[in-house]
Amino acid sequence: MRRLAERTTTGVLVFALYLLFSAFTGPWGVWAPDELLAGGVLALVVGWVAGPLVWERGGWRLLSPQRWALFLVYLVGPFLYAMAKANLDVAWRVITGRIQPGIVRFNPELATDFGRTFLANSITLTPGTLTLDVDDATGDFFVHWINVTDPSPSADAVCGPFPAWARRIAE
Amino acid sequence: MNLALHAPILAIAVPLLGGFALPLWAKFGRPLRDLWLLLVSAATASLVGLVAFQVYTGGIQVYTLGAAWPTDTLAPGGFPIRIVLAVDALGALVGLIATLAALVGFAYAARYLAEEEGKTLALTLGTLLWAGMLGMAFTGDLFNLFVFFEVTSIAACGLIGYRTWTSRGPEAAFKTMVLYTVGGLFVLLAIALLYGEYGALNLAHLARLLRGSTVDRVTLALLLGGLLMKVGAVPVHMWAPDAYGEAPAQGVILLVANTQVSLYALFRILFTLYGGLADPGIGWLVVAMGTLTLLVASLMAVVQMDLGRLIAFGAVSQIGYMLLGVGVGLTVLASRPAYGLLALQGGIFHMLNDALAIGLLFLAVGAVEKAAGGRNLGALGGLGHDLKWTAAFFFLGALALAGIPPLNGFASKLMIYQGSFLLSPILSALAILASILLLAVFVRAFQGAFLGPRMLQPEPVPSSMLLAMGALALGVLVLGLFPDLVVRHVVAPAADALWTGREVYLRAVFGR
Amino acid sequence: MSVVVRTIARILVPVALLFGGYVILHGHLTPGGGFQGGAVAASAVALLLVAFGTSAVKGLKSPFAVLEDLGGVAFVVLGFLGIGYTFFFNVLAGSGGLFGAPVAPGPNPGFLNTGGTLPLMNWAVGFKVIGGLGAVVVLFALFGGGDDR
Amino acid sequence: MKRWVLLAAFLVVAGSLLLGAARMRPFGAPRLDLMDRYFNALSQGEAATNNVVTAIVFDYRGYDTLGEATVLFTAVVGVALILRRLKG
Amino acid sequence: MIVPLAAGGLALLGAIVVCMVRLSIGPTAADRAVALDTINTLVVAAMVLFGAAFDLVVLLDVALVYALLSYVGTLYIARYLEGGLP
Amino acid sequence: MSVLIYVFLAIGALFNLLGAVALLRFPDVYTRIHGATKCTTFGSIFSVLAVAVYGIARGGGEGGTMAIRAFLALVFLLLTNPTGSHALARAAHRSGIKPFRAVVDRLEEAGKEGR
Amino acid sequence: MTLFTGYGFWNPLLWLAGAAGVTLLGLLFWSRGRRDYRRGEGELPFLSGESVPGAHVGGGHLYWGFVEGLRPYVERLRGAHTGLVNDYVGWLVVILAVVFLIVLVGG
Amino acid sequence: MIGNVPFVVCMVLVLLGLAALLFRRNLIKVVIGLKIIENGVNLYLVATGYVQGGVVPIWTYAPPDAAMVLPTPQALTLTSIVIGLATTALMLAFAVVIHRHKGSLDGRKVVELSG
Amino acid sequence: MTLWAAIQIVILVLLVAGSVLAVWLKDLLASVIALGASSLLLALEFYLLQAPDVAIAEAGVGAALTTAIFVLALRKTRRKEEE
């Protein structure tokens, strides 16, 4: 039963992606009927094959539309801002060559795989930090920090508001 | 479905289908696999026989793939756009040689290969190699020639690397593969140059378009380089002893047939594609390489202590005879004296003889190795006491290759000697010298392996292997006793396809 | 690999499979075709191997080999479809049935239901390539009994 | 001595190949393209396909593709043969 | 619109040249791998830009394939570097 | 619209070049990954966005498809780029490359403790 | 049955007949020999040196002088067969260069 | 426009690969040399089909009146790429097995068949 | 048009540079990386020569599968070229 649910949800998501791929193909509406049929079959097959893999470690909570809306808000809001800041930061460091790097360790207290992944990728793309490793058991993050101010910082000191966002979106 | 009309493509598609499906059948059980292989082999052999019969009785057979009707070769506008199969007498002869080798190889492999995962795969590779050789022999399209060239290369190298329990097999396979791939890439580069210059890929169409420009000449050199390598002419023969020595015997016989097919491709390029620009320089090059091949290979065979490698050098030297014969024909192609045709016939007849005799020798060596557990001439001896049939077959093959009179090798070599004597007596003398060397080599091998006191207790050779060898030995005897029939009815049309057949070929493809 | 790579791989494997399928399916309309789509889908296998280690692909060798055999057989059989005319004749093109709708000459947005036997051949080659390349990667990974760290 | 021969031969090959490339028709201007003009103009009608390359790969030159599939199959069988597990 | 898009692509190519320098001098293999990863990203962007500059939709599929697959090669190299590949 | 495209293209080119220069100038692998990943991701996003805007401005089935393809390429880049960088950085550390003038190296210490 | 080569001919049956004639001649000579000789009786023919029990003329020993005479030539050729794949490709390049020279300069 | 530069570059690639085959003894390096030759040949094939100002030979969303590049070389190149992949895989398999037996990939050290 | 010529020449020069690196470097992993880069640029050149089919094939094969097979083979053998 659970397997079936996994496969179905994967199939549906994959079908949605297929719709994106094959938009603007039909003479009427947006999608041609044969495209829809072929995409349905394809999504069924892919969902059947890859479904158990995708949901292997849980993550059902990601399906709620509220989280997706929040994700979009996050993407165009704080994330873009942080990225711009990161780039200017890199530019400044390229010009001045002033770095004081180190690898620090902190625990953002995230439990799920998706949450950790989300935070790790956010960290990598935002100012001065680069995820080096994630401890599977404890959830500790090892981060290469380009400007170390404190050898044993807290999560917020390194990456600002992102753990909170990660908890809200992907936990 | 008109079987006679579709026979050329069916002869290629059926073994391909058989090869694709063979591992599937093996999953259901080994008897099913063997049954399927038998079925496919029988069907393909009869189809190739049908094609050859049609070609020998009715002239060149042209088949256009994907057109509305097999003979619709030309698109509106008067040029071929699709892939064309054009089978002439030489192609059919080469196809017959490949079929013979494959059938004998499969019969031999039934008991020769150990029953394990590798046997199914090796049989599959054998089937695909067979299909590739047929595709190479029947095609009339330059790029298609390259594709099947690669099919045969990869299948052959897979077979060479069969013995993974030593490092020698993979080593030989790696070297062979590198050379085959480089040669194939040269051929592909030549095709690219020709395509960029003329916008055509069909052999006949290109033959009409070629004008002898610089690009054409570069292309000719590239094609020659690639194909001479695959043929195994000295100095680029060095993969051949490694590969022949290390492959399992049923693979070696396919490899030998593969060499003949590559030789066919070389002749096709030289005579049909570039026949209009007949250049004696190229002919002399082929003659020189042929002479070099037979001398160097037989000299190298003198000192070998490994039985397989010794026979392998013998096999390489036979390629020299074919190159010599056909090279003499190519040299005098423009003026066409009668001895050119004679040498050409000798060369082509020798292809047939060589496939039979060298195949017989390799199979006998395989039987010796399986029975005695080794191939080193220093350790072997006295096997003739137990392996009477194998010894007899080995002796027959050795005599045939060395050109001892009543056997088939003599007839073809006589024709080659005579043709080359009339071109230049030195060539003939060198060829006879090589023949004498070979006789010494084979007598030494025979004496070392089979004569003398009984030194070890060999296993008995299974009867299916003996049967396969017997078929080849019968061929050797028959071809030796009736050379005139074979030359008149089988070889002469094939030689004519090269000698005067260029215009016929072009007309058959173009329909006018 | 770490949890980050594994999670992203879990997202990307179905995406790669779908995209491979898309490329195969639209081989006669957009760039791509059996081989390209098959290569994309086989990369999903490679991704699986690199992210999850040998244990994830251990059982895939035999199915891939069967898939490849079936693809090859299907391709030859599709060639045999046209044997009433010639081998490889495109019997379905323009016949009005499956994949048989005719195409108006000139630029058009592309319709899936065209191409005759071409889409079917695309699928045959696609399965063959998925099976073959996947089997190659798996064979390389399994050779010598790898140590999965 | 051997190395010099090799180098000289390499240089000869290099010169000839570059000569051949330089003597080609200029880049971007095919001289004879009857076949390709035929494909570009008529493949939509004959093979009912928008993608001319696919039409060539699977229809006009489908036999080449069969050979290509055979090459791939052969290589996979070869790899399976080489990397097979031996008993004992 | 063709010229600015193509000029943007040319700028990306300039960035690729710089990355190529790192690829050639990089002291460790990790440096080279980083350069390769960067080139991957840049080539995807350049492909998208050129596709738009040619005004051909069908070309963009290639960029998609590349965006999806270039990652696999990087992962293999990374996994080799950390010594964990089977 | 065209002004937007110009601006996006300029930002994209600028930051991509910056990323490349950072790759060249920074002293060790980790800092190079810093520069390269952040800047090229950001720059590529803007380059791709320029194409998306161009597609929307073009309109019709063709422009719409172009915009969607560009958007999908962007999503893939965002998914794969940081992950690849993370994998490379992790691999670099595991292959024994020390961070340049590191103030502190907790990962090394954790490894020594027998993680 | 006769294969005419234009300048000569070859007929295996005639050859076989000739061979049979020679064999008959040999038999004739043989039949004229000493009838009273039995194997094992009398003296063995002297073959250079003393008889060593268990000696075996192996494959490497036959044609020993022949092989030794050819050895200087063969050793050179063996030196060329290094077994290195680079040398194999090198020979290919040399042949290619020769063909290029013949085709481009000589033709 | 740029003369025969692409053709010359292809030949340069072929010669580079050939040089690698001639002067590099490592077996995997030999395979890499073969890949480079193959790249050159593939580029040559595609370059022969280019028409100045031509567009992709696909009618989906094609511009209404533009010359198309020649499609046949592209089809040939596809075949050639597949063949290249097949050969590469097979040769690497051989190299792996050789290394398993000999513990080395140096051409001089793995030679058993010579003379 | 000059712009396209400049772009093509840059790509071709980079292609040759990548191939030279692939031949030249002693570290086989670095060589494979350089080969990957050169295959990438080859795909870009195919793209500019209006051959998207070939570019996709080269991308799929060169970026993912060839690198994967090479790296797997390197893993089974050794990384450095020995002298």
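Worth a mention:
Read from first to last, the chains carry the letters A, B, C, D, E, F, G, H and I; within each, the first residue is number 1.
By our rule, a contact is a pair of C-beta atoms (placed from the backbone, for glycine too) under 8 Å apart; a residue touches a chain by one contact, two chains touch by 3 or more.
For clarity, every value in this text was computed on a predicted model and none was experimentally measured.
Looking at chain B and chain G, the chains in contact with each of them are D, H.
Fewest steps needed to get from chain D to chain F, stepping only to touching chains, is 2. Among the pairs C-H and C-F, the greater number of C-beta contacts is found at C-H.
Put simply, the chain farthest from chain E by mean CA position is G. Look at where the CA atoms of chain B average out and do the same for chain E: the two points lie 47 Å apart.
Chain geometry summary: the mean Cα position of chain B and that of chain D are 24 Å apart. A straight line joining the Cα centres of chain D and chain I is 18 Å long.
Separating the CA-averaged centres of chain E and chain I is a span of 11 Å.
Listed for chain C are residues 1-2, 4-5, 8, 11-12, 15, 19, 23, 29-33, 35-36, 40, 43, 46-47, 49-50, 65, 72, 76, 79, 87-88, 90, 103, 106, 108-110, 133, 136, 139-144, each touching two or more other chains.
Residue numbers of chain E whose C-beta contacts span two or more other chains: 7, 14, 16, 29, 33, 35, 40, 51, 54, 57-59, 61-62, 64-65, 68-72, 75-81, 83, 85-86.
Residues of chain G found to touch two or more other chains are 78, 81, 83, 85, 89-90, 93-94, 96, 98, 100, 104. Within the complex, the chain F residues that touch chain E are 2, 5-6, 9, 12-13, 16-17, 19-21, 23-24, 29, 32-33, 36-37, 40-41, 43-44, 47-48, 50-51, 54-55, 62, 65-66, 69-70, 72-73, 76-77, 80-81, 83-85, 87-88, 90-92, 94-95, 97.
Considering their complex, residues 55-56, 58, 60-63 of chain H touch chain E.
For chain E in complex with chain H, the residues that touch the partner chain are 54-59. On chain A, the positions that touch chain F within their shared complex are 20-21, 23-25, 83-84, 86-87, 90-91, 93-94, 97, 99-105, 120-121, 124-126, 128, 130-133, 135, 140, 142, 144, 146, 148, 151-152. Partner chain F is touched in their complex by these residues of chain E: 1, 4-5, 7-8, 11-12, 14-16, 18-19, 21-22, 28-31, 33-35, 37-38, 40-42, 44-45, 48-49, 51-52, 57, 60-61, 63-64, 67-68, 70-71, 74-75, 77-83.
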